[in-house]
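Structures follow.
After this come two complexes, each holding subunit A, first together with subunit B and then together with subunit C.
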Partner chain A sequence: MMKQIYTRLKPIITSVLAGLVGLAGGAIIMALWGYPPIAAYQAVFSSVFGSLYGFGSTLAQATPLILTGLTFAIGVRGGLFNIGAEGQMFLGAIGAVAVSLISLPVGLHLIVALLAGMLAGALWSMPASILKTTRGIHEVISTIMLNWIALYLGMYLVIDWLGDPGRAEKSISAAPTARLPGMLSGTSLTYALVVSVIFALIMFFLVWKTTLGFELRVVGQNPGAANYAGINENFSVHSTFILGGMAAGLAGALQIVGHPPTFALYADFSTVRNLGFDGIGVALIGRNHPIGVIFAAIFFAGLNVGARTMQITAGVPLEMVRIIQGVIVIALAAPELLDFWSKLIPGIRNWIGELKGSS
Partner chain B sequence: MAHKQPLEQSDTEILLRADGISKGFPGVWEHLILDEIDFDVRAGEVHTLLGENGAGKTVLANILSGFYSSTGGKIFIRGEEVKLNSPQDGLEHGVGMIHQEVMLAKPFTVAENVALGTEDSDLSNPVSRVEREIIELSENYGLEVDPTVKVSDLSAGGRQRAEILKVLYHEPRVLILDEPTSLLTPQEADHLFEVLRSMADDGFGIVFITHKMEEVMEVSDRVTVLKLGKVMGQKMITETDEEELTEMMLDEKIPIHLEREEFEERNVALSLNDVQVTGPRGNVQVDGVSLDVKEGEILGIAGVSGNGQSELIEAITGLRAIDMGMLTIQGEDMTNPSTRAVQDQGVAHMPEKRREIGVVEQMTVGENVVLRNYRDPPFSRYSVLDRQAITDHAQKIIDEFNVICPDIWKSETRILSGGNIQRLILGRESWNNPPIIIASHPTHGLDRRAVSNTWELFITLRDKGSAILLVSEDLDEILSLSDRIAVMFKGNIVGIVDADSADKNEIGMMMTGA
Partner chain C sequence: MEILTSFLKIFIISLNAMVPITLAAVGEIIGERAGVIDIGLEGILLISAFVGTIGAQSTGSPYVGLLFGIMVGLVIGIIHGLISVYLKGDQVISGVGINLFGGGLMAFGLIAVWRTPGHHVVPSAVRMPKIATPFGGISYITILTLLIVAGVYYLLTRTKLGLKINVTGEHPRAADVAGVNVEKIRFFATVTGAALAGFGGAFMAVDWFGVLTKELAAGRGFIALATVVFSKLNPLLALLGGFIFGFFDSLGVWVSSAPSIKQVIPWQFILMIPYVVTLLVVAGAIGRARFPDKLGEPYRRE
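This part shows the complex of A and B:
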């Protein structure tokens, strides 16, 4: 019984341990450079949990990370290294803004905006998918290129076609009929969080409980076996890209319709930039599992939110948080280290057992 | 093969001794894989470890050579207790292991593989010295390998010789070989036995692992029988016989019934007409094969591996394109169909590469049980998988086909032994009495009991009306199971004979193109 629980918890334990290693690594680096690690972590903790505002901001920042994390996680499950969430998310945001050019009733307008974001994200994932299935071009190359194309295409669209006539630095705002209401007054948290959590649950269902997800995972683990089982590999690659693109596109759309106060896209893309890449780290910490990704995104966002307070109250540079995130990702990504965990965990269990035995 | 005079036990040095070795895999198996095993090997002897699949032979060998650590017991090398933490440790102490699955880097040459993991290479041309030494070693031991050839271009036998040379390069005293003959032709196996014998005569201690009785009798000086992780007995080969060893190895004797029903009228289920298949480099692999397999018939394809059997099966199952000719399944033209279309036409496929494509090792047993029919009710409805239905089905197959697995949904399939994976595939492909079964080396690597169970299963399926196309390198299997035997050589069917009037030698001659 204990063993079964342990087997199930193992991915979670590994992630939590990696998180602790990241925090400890960050502490060591801070100490080496003469910053106060304890004060810094106190600042992070209090900024996230110390106020409703901080907690709300954390969840608000976690919202898009859940979705871009899903893009990468689903990709890995389907055998892809899809790092195109960034570009797909940009296009999703553009799609949601564009829908505000038309007028629709309340509710419907919101749904159309979200669907437009998902559609745009999915479409932007297709070139990579088609290049891979027809020409054998690796998705890492194509998605990186598409990310840059998306950025400059997006800037052009925001400035030339979707620009706010009164304010040159941003696009038009999402129509009031297409906005998501706030969830926690006094904070930037909106019901976008609920939308992304529901989307993550739907992805969980799709990937683990349906034949489509079954095919996706077989192709991801063993294309040869997929072939033998009569699974159409190309179809599965397309599905993986499309699902990932929908997640990223939705992230972009939510950054418009669920992101007060402007509900708009800035011409420099400052409100969406890097969210796609952060999703890769989130997916790794969440062990490429839709539910794990939710918690990992909150953890990641907590660090980001706390970083500012840390700089102000403890005088530790903002970038320290990036170092911590980096250490965590390295701790999780290096297979040798994973092997090290698998040996360390039984070691710790034995040690605890011995302690119990001797007392 | 002539045996040397039996060694005087007391005179020869004990090279390696295991004392009370135990092994459990926590979290995977509840019982111990090895339960206080005592074992030793002396200079100058071939000591055989005999046992069925899952007896723990490979695990013991891995512990003795440092690949695994034991959970209990001690290892002594020439009287001194040692702790082997890695294969390198083992080699440093003079214990080298040849694994069942060859562990060489395929894109590199033999010499480069040998040089891997050694420190004494020249800076300018790191492998030149190694090449010279390999040539020397291979001449000394009669292990013919060209060190400059890439491993990917070697035959199974050549790869194994390369692997042996790689270990010999480290100058071991004890050589452990895990089922070394499983991929070899009979001639290659005979040659290997000669090499082992001469090495033993040179003072090596050889540990030879097998589950084949003929090999035990042919090569061993001493034999230790393992069963379910326990030593059942140890004998000098001169003091025992096949019957006694078999009794020690198995619980009971299992008769093999190969009687079968007679059918009057039978329809042709699978038909090939002048089928030609070309390989990736434009070389013709299957060169105009015509065959009919009837309902209620087992058609065996005999042949030395690499004569187009794999390509033929891949062509029939939609995994490889047919360039010319026609394939008819159940009366329908299925030339170049999709794999799924072949499957939907009622063709079950037990592939040769079980671990590689027969299962998805990283997925659970439950998922692998429905790998090929997850779309069919009751396993899924409206594209949603029915976990309960899959669980019930998996449990049925596990029970009926004796698959040992800790848990349907928690165990990844990779932890299953080769035999269990094969039983899983047999169950998955045969539970619904498919009209056509394509089976490739279905008993390869299985122990005697599993072989006879599989044979019974095939006969039962045949009697129920399945058309079975059986490819095997094991001529005894072909002879016991088939109604008709087609012999394949260089992509051609060189002859089809009735099994009841077939002569083993004659088929053997045809297999070699004579």
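This part shows the complex of A and C:
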């Protein structure tokens, strides 16, 4: 019984430990440059939990991270290392902005905008998928190149085709008929969060409870067995890319239709940049599981929101957060981390020994 | 005549642009031949550019800067090697972490050290001297890179150590039985590879660009990975690949200084060139690359 609990808890404990290693690593770097680590972390904590505004902002920031985290998580489940959420998300945002050029009734307009975002994201994932299945090109290379191409293509489209005639620095705003309403007044939180969580649950159902999802996971875990079982591996790879692309595209679309006050894309892409890359860390901490991804996204978003307060009150550059995220991911790379630690600290070893022994 | 001058100018810039991609790619080839993949090249380029600049500016010598770059590459290689080889961890995830860390450190460091969120210009006094030509300066490190490529090619194809490295990646069990210390070979191959990438990063800071920005690496670490695929793990082909990618990289740099072309083609499409070319070259490379059989898999003794 206890052993079962330990096996179930182990991934969570490992993630929490990695989080702590990341915070410790960040503290060391801060101390090296003479910043106060404790004051910085206090600022992070108080800004997230100290006010309704902070908490609302955290959830608003978590919204796209849930989706870009899903892109990577679904990829891993399907045996891919899809780090193309960044570019797929850019194109999703472009798709949602482009839909504002047409006029449609309330409700329908919103649905069309979200679908356009998902479609654009899925389409942008296809070159990587096709290169993988026909030429054997590893997706790490192709998706990164596509991310850069998407960035410049997106900047071109925003400036030359979708620009706001009145304000050169941004695109046209989403039409009022295509916007998501606010969820918590006084904060930037909108019903985009609900859309994002529902999408995560649908993905959970699709990947864990359907035949398509089962085949996808078999290909991910054991391509040889998949071949024996008569599973069409190429079809599965395409599905994995498309589902991931849809998630990333939706993230981009929600950053438009659910992102007050401008409901638009900036010419420098400042409101969407790095959300795709953050998704990688989110997925890894969330153990590539949709439910884990939701919580991990909130953790990452909390760090991002707290970083701004940290910059103001403790003077620590907010880029510190990316260092912490990097250390967390490096720590997660070693799955034996927990065992390694337990060897170092006798207390943990004894405790784990008890858990294991009392099965 | 004007066309010839332009061509020679692009050629000279390409010789510079070739260096970081080739060094990172050749380093990666050593590691991958031994069975360890390191996708953290982008991060290493950034970290070593940052630390290399600190080294150069605090001592006033670009050579110390280069040494700092190599040393910090070495340190990251040790971390990646420990995780991949001894802790039997996930090599790809470790590489992602290194990339995230590197991006963060550069952005943080620009503010923490030089109080600038944008870019830091490396003082010309601590930049490497160049061989002057009428069409631009050629770096001494370009020549050194050619020697390194030749040396690594010789090491991997003509020496006993090279044989050990290849067997370790291809068939670690056989290597183990033959008395090769698989973990040691893998670890040192990884560390050496990361140090070469570190050299490339420091080169970008104190030699070629002389400017630090958040996006200094601009995907070159991943272009180096593409170069490895293109080269089929052959250092000589990696040099050719590095030059091809360097050429298209330079084309963008050169075009952006030629206003007549900018009027015809939007600047965004010019900046896209290196990435589009990388995709096309990798997709069009004749025949699939064959990677070592046990690439990316930790070796466990039974």
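Observations
Please note the rule applied: the second predicted complex is superposed on the first by the 334 of 359 C-alpha atoms of A that agree within 3 Å, B and C clash if a C-alpha of one lies under 4 Å from a C-alpha of the other, contacts with A are read in each partner's own complex, and residues count from 1 in each chain.
The rule we apply is simple: a residue touches a chain if its C-beta (ideal position, glycine included) is under 8 Å from a C-beta of that chain, and two chains touch if they have at least 3 such contacts.
Here the structure is a predicted model, which is why all the values come from computation and not from measurement.
Overlay on subunit A: subunit B and subunit C clash in the combined arrangement. After overlaying the two complexes on the shared chain, residue contacts for A:Met155 are found with subunit C alone; subunit B is out of touch. Once the two complexes are overlaid on the shared chain, A:Tyr228 sits against subunit B while remaining clear of subunit C. With both structures placed on the common chain, the touch criterion links A:Tyr53 to neither subunit B nor subunit C.
Once the two complexes are overlaid on the shared chain, A:Ile137 sits against subunit C while remaining clear of subunit B. Judged by the touch definition given at the top, the superposed model places A:Phe45 against neither subunit B nor subunit C. By the touch criterion defined above, A:Lys209 lies against subunit B but remains apart from subunit C after alignment on the C-alpha atoms of chain A. Taking subunit B and subunit C in turn and counting the residues of subunit A each one touches, the greater count comes from C. In the superposition on chain A, contact is made by A:Arg217 with subunit B only, not with subunit C. Of the two partner chains placed by the overlay, only subunit C lies in contact with A:Val327; subunit B stays clear of it. Only one segment of subunit B in 44-52, 98-106 or 296-304 runs into subunit C in the superposed model, and that segment is 98-106.
In the three-chain superposition model, subunit A touches subunit B and subunit C at no common residue.
By the touch criterion given at the top, residues 3-4, 6-8, 209-212, 214, 217-218, 221-222, 224-225, 227-232, 346 of subunit A touch subunit B in their complex. Across the complex, subunit B meets subunit A through its residues 26-27, 317-319, 338-340, 342-343, 349, 351, 353, 356-363, 367, 371-372, 374-375, 380, 383-385, 387, 407, 410.
By the touch criterion stated above, subunit C contacts subunit A in their complex at residues 39, 43, 79, 83, 87-94, 96-105, 107-108, 111-113, 218-219, 222, 225-226, 229, 266, 268-269, 271-272, 275-276, 278-279, 282-283, 288-289. Subunit A meets subunit C in the complex at residues 29, 33, 35, 81, 83, 127, 131, 135-138, 140-142, 144-146, 148-149, 152-153, 155-156, 160, 277, 280-281, 284, 317, 319-337, 340.
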